[in-house]
Amino acid sequence: MKAIKSFVDGEEVTGYYLLKLAEVKQTNATPPKAYFDLILADSSGEISAKLWDISSTDRETFFSMMLVKVHGVVQLYRDRLQLKIARIRKVTPEDDCSIKDFIRTAPVEAETLVAAIAGAASSIQDKELRSIVDFCIAKAGDKLLDYPAAKGMHHAYYGGLAYHTSRMLEIGEFIAGQRPFLNADLLKAGIILHDIAKTEELTAELGVVKEYSLTGRLLGHISIAASWITEAAITLGLNTGAENVVALQHLVLSHHNLGEWGSPVQPQLPEAVALHHIDQLDAKLQAVEDALFSMNDTDEWSAPVRVLENKPIYRMRNIGS
Amino acid sequence: MKAIKSFVDGEEVTGYYLLKLAEVKQTNATPPKAYFDLILADSSGEISAKLWDISSTDRETFFSMMLVKVHGVVQLYRDRLQLKIARIRKVTPEDDCSIKDFIRTAPVEAETLVAAIAGAASSIQDKELRSIVDFCIAKAGDKLLDYPAAKGMHHAYYGGLAYHTSRMLEIGEFIAGQRPFLNADLLKAGIILHDIAKTEELTAELGVVKEYSLTGRLLGHISIAASWITEAAITLGLNTGAENVVALQHLVLSHHNLGEWGSPVQPQLPEAVALHHIDQLDAKLQAVEDALFSMNDTDEWSAPVRVLENKPIYRMRNIGS
Amino acid sequence: MKAIKSFVDGEEVTGYYLLKLAEVKQTNATPPKAYFDLILADSSGEISAKLWDISSTDRETFFSMMLVKVHGVVQLYRDRLQLKIARIRKVTPEDDCSIKDFIRTAPVEAETLVAAIAGAASSIQDKELRSIVDFCIAKAGDKLLDYPAAKGMHHAYYGGLAYHTSRMLEIGEFIAGQRPFLNADLLKAGIILHDIAKTEELTAELGVVKEYSLTGRLLGHISIAASWITEAAITLGLNTGAENVVALQHLVLSHHNLGEWGSPVQPQLPEAVALHHIDQLDAKLQAVEDALFSMNDTDEWSAPVRVLENKPIYRMRNIGS
Amino acid sequence: MKAIKSFVDGEEVTGYYLLKLAEVKQTNATPPKAYFDLILADSSGEISAKLWDISSTDRETFFSMMLVKVHGVVQLYRDRLQLKIARIRKVTPEDDCSIKDFIRTAPVEAETLVAAIAGAASSIQDKELRSIVDFCIAKAGDKLLDYPAAKGMHHAYYGGLAYHTSRMLEIGEFIAGQRPFLNADLLKAGIILHDIAKTEELTAELGVVKEYSLTGRLLGHISIAASWITEAAITLGLNTGAENVVALQHLVLSHHNLGEWGSPVQPQLPEAVALHHIDQLDAKLQAVEDALFSMNDTDEWSAPVRVLENKPIYRMRNIGS
Amino acid sequence: MKAIKSFVDGEEVTGYYLLKLAEVKQTNATPPKAYFDLILADSSGEISAKLWDISSTDRETFFSMMLVKVHGVVQLYRDRLQLKIARIRKVTPEDDCSIKDFIRTAPVEAETLVAAIAGAASSIQDKELRSIVDFCIAKAGDKLLDYPAAKGMHHAYYGGLAYHTSRMLEIGEFIAGQRPFLNADLLKAGIILHDIAKTEELTAELGVVKEYSLTGRLLGHISIAASWITEAAITLGLNTGAENVVALQHLVLSHHNLGEWGSPVQPQLPEAVALHHIDQLDAKLQAVEDALFSMNDTDEWSAPVRVLENKPIYRMRNIGS
Amino acid sequence: MKAIKSFVDGEEVTGYYLLKLAEVKQTNATPPKAYFDLILADSSGEISAKLWDISSTDRETFFSMMLVKVHGVVQLYRDRLQLKIARIRKVTPEDDCSIKDFIRTAPVEAETLVAAIAGAASSIQDKELRSIVDFCIAKAGDKLLDYPAAKGMHHAYYGGLAYHTSRMLEIGEFIAGQRPFLNADLLKAGIILHDIAKTEELTAELGVVKEYSLTGRLLGHISIAASWITEAAITLGLNTGAENVVALQHLVLSHHNLGEWGSPVQPQLPEAVALHHIDQLDAKLQAVEDALFSMNDTDEWSAPVRVLENKPIYRMRNIGS
């Protein structure tokens, strides 16, 4: 079966794909006719697809996030490839397909990532910090396995949150080695909790964000995580005003650095400064990686990347070899 | 006894005053000599004062926030009046002075203000909101009686926080009458709690802020108040994710409107929009009132007011009479 | 006759509606065909409508801001309802329809609002201020009855300007009661005149802004109103440099507070500070009201509101009852 | 008599100078003693000066903006030269000094400048524009001869406003020659009126701004000039809404280009765009000239110049000769 | 043959035009059909055009920047005129058309402009500056004849760069006459080189920018020009650290004035201040001229102009005549 | 000999110190008297010191950056310790003091750091990049040993530039291990060259910046480094337009990320994104380390740190132990 990333203009393709998005739209004809505007995906990428002249049965058959088998022709439309679908059907058990084979996932197994995070948590020496971190990991639960780290900015795939967290833990360990004045416990705890409330802020399925939750829109993941820490402290019988509890809340609250980026306070602990810049370094390089991943083999420039000052990334070919 | 606001250049004065600030400084002479750089206050205003050639006994006798009896001469120094002190002594019980007569206070009795706030709280129909508000009022405790509303921006006097809250409740009631789509319960709760954590953010004495607390600097009053609500909900056995709890947290978190002004989320409930603008209206008019209060009788223009785009206020004399 | 707000997908409707906007467009077919892209309105709301395959007679028959009788089918198109028109005709005198029944109007009668404004003007004690205000009210003339307060931001309906002005007078009176240092005359005069030159800046019909006038684009309503005050003073034989005249111009010029919001000077009179924040409070709450008004019964979130930091408003259901 | 700009450390000087600023200050000694902190000026520059141990007679003898004869010693104090005065007396008629010889003036005679402006005004073909410009020139009166163009930014000297206006007229004529689509009449009128209301905004004496007037602070010179045009039109019986009157007001209102720089509307006429950039070019180059003028012969860098992004200017020596 | 600017709705036209842009698009019909979306141009302006139902032969025949003969009908589509093409063919030698007759060019012959620039270069007295300028002119080569000054902002036509440079030299000469402290050599050199590296930053054909070059995107014309000066100095055996070389690089680097506009340093030489404001004056007035050029005879307002704060320009009719 | 950091109020001290700054000032007495306002330093920190009643011999004896032996008394002056000097003399060879023992230096030997940088340079595989980097290291010469990385922001000590570069190379190697798409050669080259032109931008002695050079002020270290690369390419016979040369210039030019921070272009290569964020991470954590270094043992909060949003850093005591 052909990977989406290797489709070329004009060829006919047949294969199993994930129906990542299925929207009924209407043509501009008089009178307008209904058609399906679809996004098909596999682990190599995505492609826009059209299914024309749909029946009411079709409308009740196909929905976002299901697996389908399609046959169609690849066409160039407004400088981009899309698939004109001739035949489409739902996948049946006999097809023996697993949806997880069709989505983009972190390059490391989710279970491995979560185990690494749990390991880092258990290595925290400060008993109170460790118990708060464990409480929050438990509260996030299975969502830690599959949630993406964002809706679209960076790490927007299955396991993205765990992957981002896990990489930051590696960088944090390296930097704490360079800078002995950093409290390694506090930095670890801050890294694990800084984005953990995205599991409450967002509603995601298979690593794809569907929408922000009501709580997510009204409070935001930064304040939700601060609230989790308060809840953990009270539940565990700790003093919410103790210096380590306040310090951990400070790390979470200040990790976006500036008010206009969503942080109500600015970093005033060494570990808070470290957390912000480790987060930036990892998130921005992941955004570069995502941009490169989305390029076709013949592209020289990626699409503009919003979190990189809306600049595109250029892929060089001939250096250093 | 002469009120400080009516001092004139060249006159001798004798009276009781509050030693609002007492700092030992040294002259630029060779060698430098120690002197006291003081601020004397009564309920009408403040004046800078100097006590030259101080002894080590003096240094152990006079401290900030004590009452003193002084005799001295008013002099013009760099366009401002100051008092050159000739004699100074501590007040004794025989002098029969109460410190509360010497500080600026809200124009309404603190007890009356707190009673008004408690009354508003008890009129909240939503039982859960009411219990959260009561929990937070109890947590603030006696500080609600005397805390100022800010370090220097507006309402920076004894009872300022209660006065600001109480006035906003009046405006809120009026506006809720004009706009029936506003939920009066939620608006009341938001007004009462929006600045209540200033009692934890600041360290104040007799309505004068001494400094920010460690928790205040690392978390800020907005996030502290959100944490109080979480604590109240858990302690009271309420669901922290219930719509009314989340809505109340949203009002508190968004009441500064923009990220650069300290709010991690922006108003998205009708009552949150109302709360922000009622807060602005009352705080800015109080800043005008404070600026007028600080002017001498002969001034036409106040000093620049930081929260009013750093503009001074002009006092007209002849309109409308 | 069915109100537009209660239309549901698939039903046939017949009724009288206001043709709020009538544009001839062309399909993307080859060759393109002309059709009418319409907006129908009644006092409950608006709906997009299409009339396909139009004749040259149709093009000379139907225009914006006329009443029509239509028969058609409600359809869902790109997530929004629209009406596919089967039959349409102009309203005749026999239909006994009045256009004012089909437009959104202020919730209070325009005549009542204008009377309230005139009453407030006549209560101004300062004879010169009063005569300037009366001059400007007379200059605005009948437009005060029907003009909206803005093109789209807030109060964009029949009588919106008078309604906004009238409500601000109520708030102003309440606040002047709380803050005796405010000069009630000057505040009233400022409220009445602050937006009055929108009647020269905008060209509106039945409360709907059609465009900005040339003078409106080149000078803006703030400078036009300042010019009206100069004209009033000269015509009435007053001194343009007198303190009350200058103060009133200051209120008008500074009521947007900042240069980037259109004010060439910043508020430096107590009443100017009050005017700006009363204007904000009323305009922003009206923007919330307008957003709620535009929501369908099943919506939880409104569309993003530009003047509310481009945030949508959430409508809660279950609090406090 | 020695020019101030050529004073050197350690020398004794005797001569006539303008007492540009005379302030009584007090030393930090115990007790403090009164002294005069002075600024002496001649047409070559300024120098700080001290007169120690002053008597009450001295305090009643010496005031700002009078001519004095002084004898003293030049000393280096904190990297800057100042004059320690040994003897000082008021100038008498016998000394035969004219104050105008001691102030910085435009490099062209004020009368010549005003004549050039009047000449440009009389060359305006559009009769209505010409009469408005003449009205405003008459209203400014003699202040046009001596007013500076600003308090401190640029052209802050005797005749500075006329000089700035006159140079801009020269540039405007050159540019109108390059760009025939510019209406030369309107551009001339805009140049003459753009800053003319500084004569009402500022209170100046001999080219030195003493303060902003009340009207200046509350309205600003841009709105005052717009008001003058309205007054001119009404007085001359012209239509205030005529296109040429509105266009001229537009030029004045928009000449600071952006709201945050004080313009309530942005340039939308070709001549308004030209006016803004001609004003910028002349004002910024004058700021450079002023910075160079204030440098001593040995300085390589000027002080930072606020209107030039707060950057200092470097004076090269060896290029091109 | 009819000029594009004088086309009117409904008429049939036949003539030779430049095919400025030729894109194959697809209709929204089901199934979509290919058509040509074209821009036709002559020296008077441009018009959008459609060629429906194209064959594969058509797709291989027509490309951007070729001359064609067309016959078609002018139609109004969405408020703008466009041409529906009935017949189209390539121009043959027999048609005797030159592409240069069909493009917008500077109002002065390109050869004349380049000669004026070379003349200004040869008048530079400082031998080192002159040789650097000559080096850079030679490096730009023939591109100086035809390059536009920008992609779309201003002077976006054949010879636009030379025209902009040449006009700025005229203004620079005039201003240097007004301000003797300006070093005329340095100012001339700065004007000639300030935008010269656009010939490396952009890829243009016949005055139309096709895209940014890789070097242009990664370095920008400001840094490329600074690099050219370094290259010139090394090649010519000059000291790269000499004051005149550094000064010239400073002028080029600082000519956008602020960091957010692309200048890594801010103007600190008198000539750098002059260069920036002369550039602004000429570029902004050219943007006005371009906006007026693009208007039809009946338009009162131009389209919004991005470099003029996104404001449209109003064309007056009746002043001064 | 007592370390400066451990001085306490009131004690007498005798010892060798570096005279880091020596300025002659004058008292405010009448008449003023000359005294020395000094900064004494050792490797533990700095202290302000005064030498009163100085002679003309003193003025010719003591200068900045010399070693002295002093005897004096530590006093508290305006909340800070300073040393009142009783006796002072120059150090003689017999004292056997080396200035390098008295300055703050990088925690690693300068020679080791420079060797590490040279080692990284020699590991670059791309021959052209390697030769350019070697050329620039040679051009910087011995300054690479002792230059600080900035005037005051961070790494402002002996060897600071080499230390910052060396640490960034370590982080870069770690990150390149995490992200295989990064070109390790280009990243290394960019790290080594990103700040190397500070050796031309600044004038420093023993790790202390004295001032910006003329070239530094007019061009800035970013453009100077780009010019060095051009010079290297030409001198080494490389093509200045080759992709690797352009890429390396891009890294240097874009490493401040935004125009307002001094970068004329924004990062558009993966390695440019990495370089900026590695630079940020190291510089900001060094700023934290510098702030902690400057605190006395009893301080809880550091002074505000300009590059950390002007926030102070809090030093916790009790976490994690």
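Going by the order they are written in, the chains are A, B, C, D, E and F; count residues from 1 in each one.
Quick note on the criterion: contacts are C-beta pairs under 8 Å (C-beta built on N, C-alpha and C of every residue); 3 or more make two chains touch, one makes a residue touch a chain.
Computed from a predicted model, the values in this text were never measured in an experiment.
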item	value
Chains touching both subunit D and subunit F	B, E
Other chains in touch with both subunit E and subunit F	A, D
Same-interface partner of D-F, chosen from the options D-E, A-E or E-F, over half of the pairs matching	A-E
Superposition of subunit A upon subunit C: rotation angle, C-alpha, nearest 5 degrees	120
CA centroid of subunit C to CA centroid of subunit D, Å	46
Computed distance of Cα centres, subunit F from subunit C, in Å	60
Whole-Å gap separating subunit B and subunit C, where each centre is the average of the chain's CA atoms	40
Shared-contact residues (touching 2 or more other chains) in subunit B	28-29, 214, 217-218, 243, 247, 258, 268-269, 314
Chains touching one another, given as label pairs in label order	A-B, A-C, A-E, A-F, B-C, B-D, B-F, C-D, C-E, D-E, D-F, E-F
Subunit C residues within the subunit E interface of the complex	25-26, 28-32, 214, 217-218
Subunit A partner contacts - residues on subunit C that touch it in the complex	27-29, 33, 35, 52-53, 77-78, 84, 314
Subunit F-facing residues of subunit E, complex	214-215, 217-220, 222-223, 226-227, 230-231, 234-235, 240-241, 243, 246-247, 249-250, 253, 258-265, 268-269
Residue ranges of subunit E in contact with subunit D within the complex	124-126, 129, 167, 170-171, 174-175, 178-179, 181-186, 243-244, 247, 257-258, 266-270, 273-274, 277-278, 280-281, 284-285, 287-289, 292, 308-309, 311-314, 316, 318-321
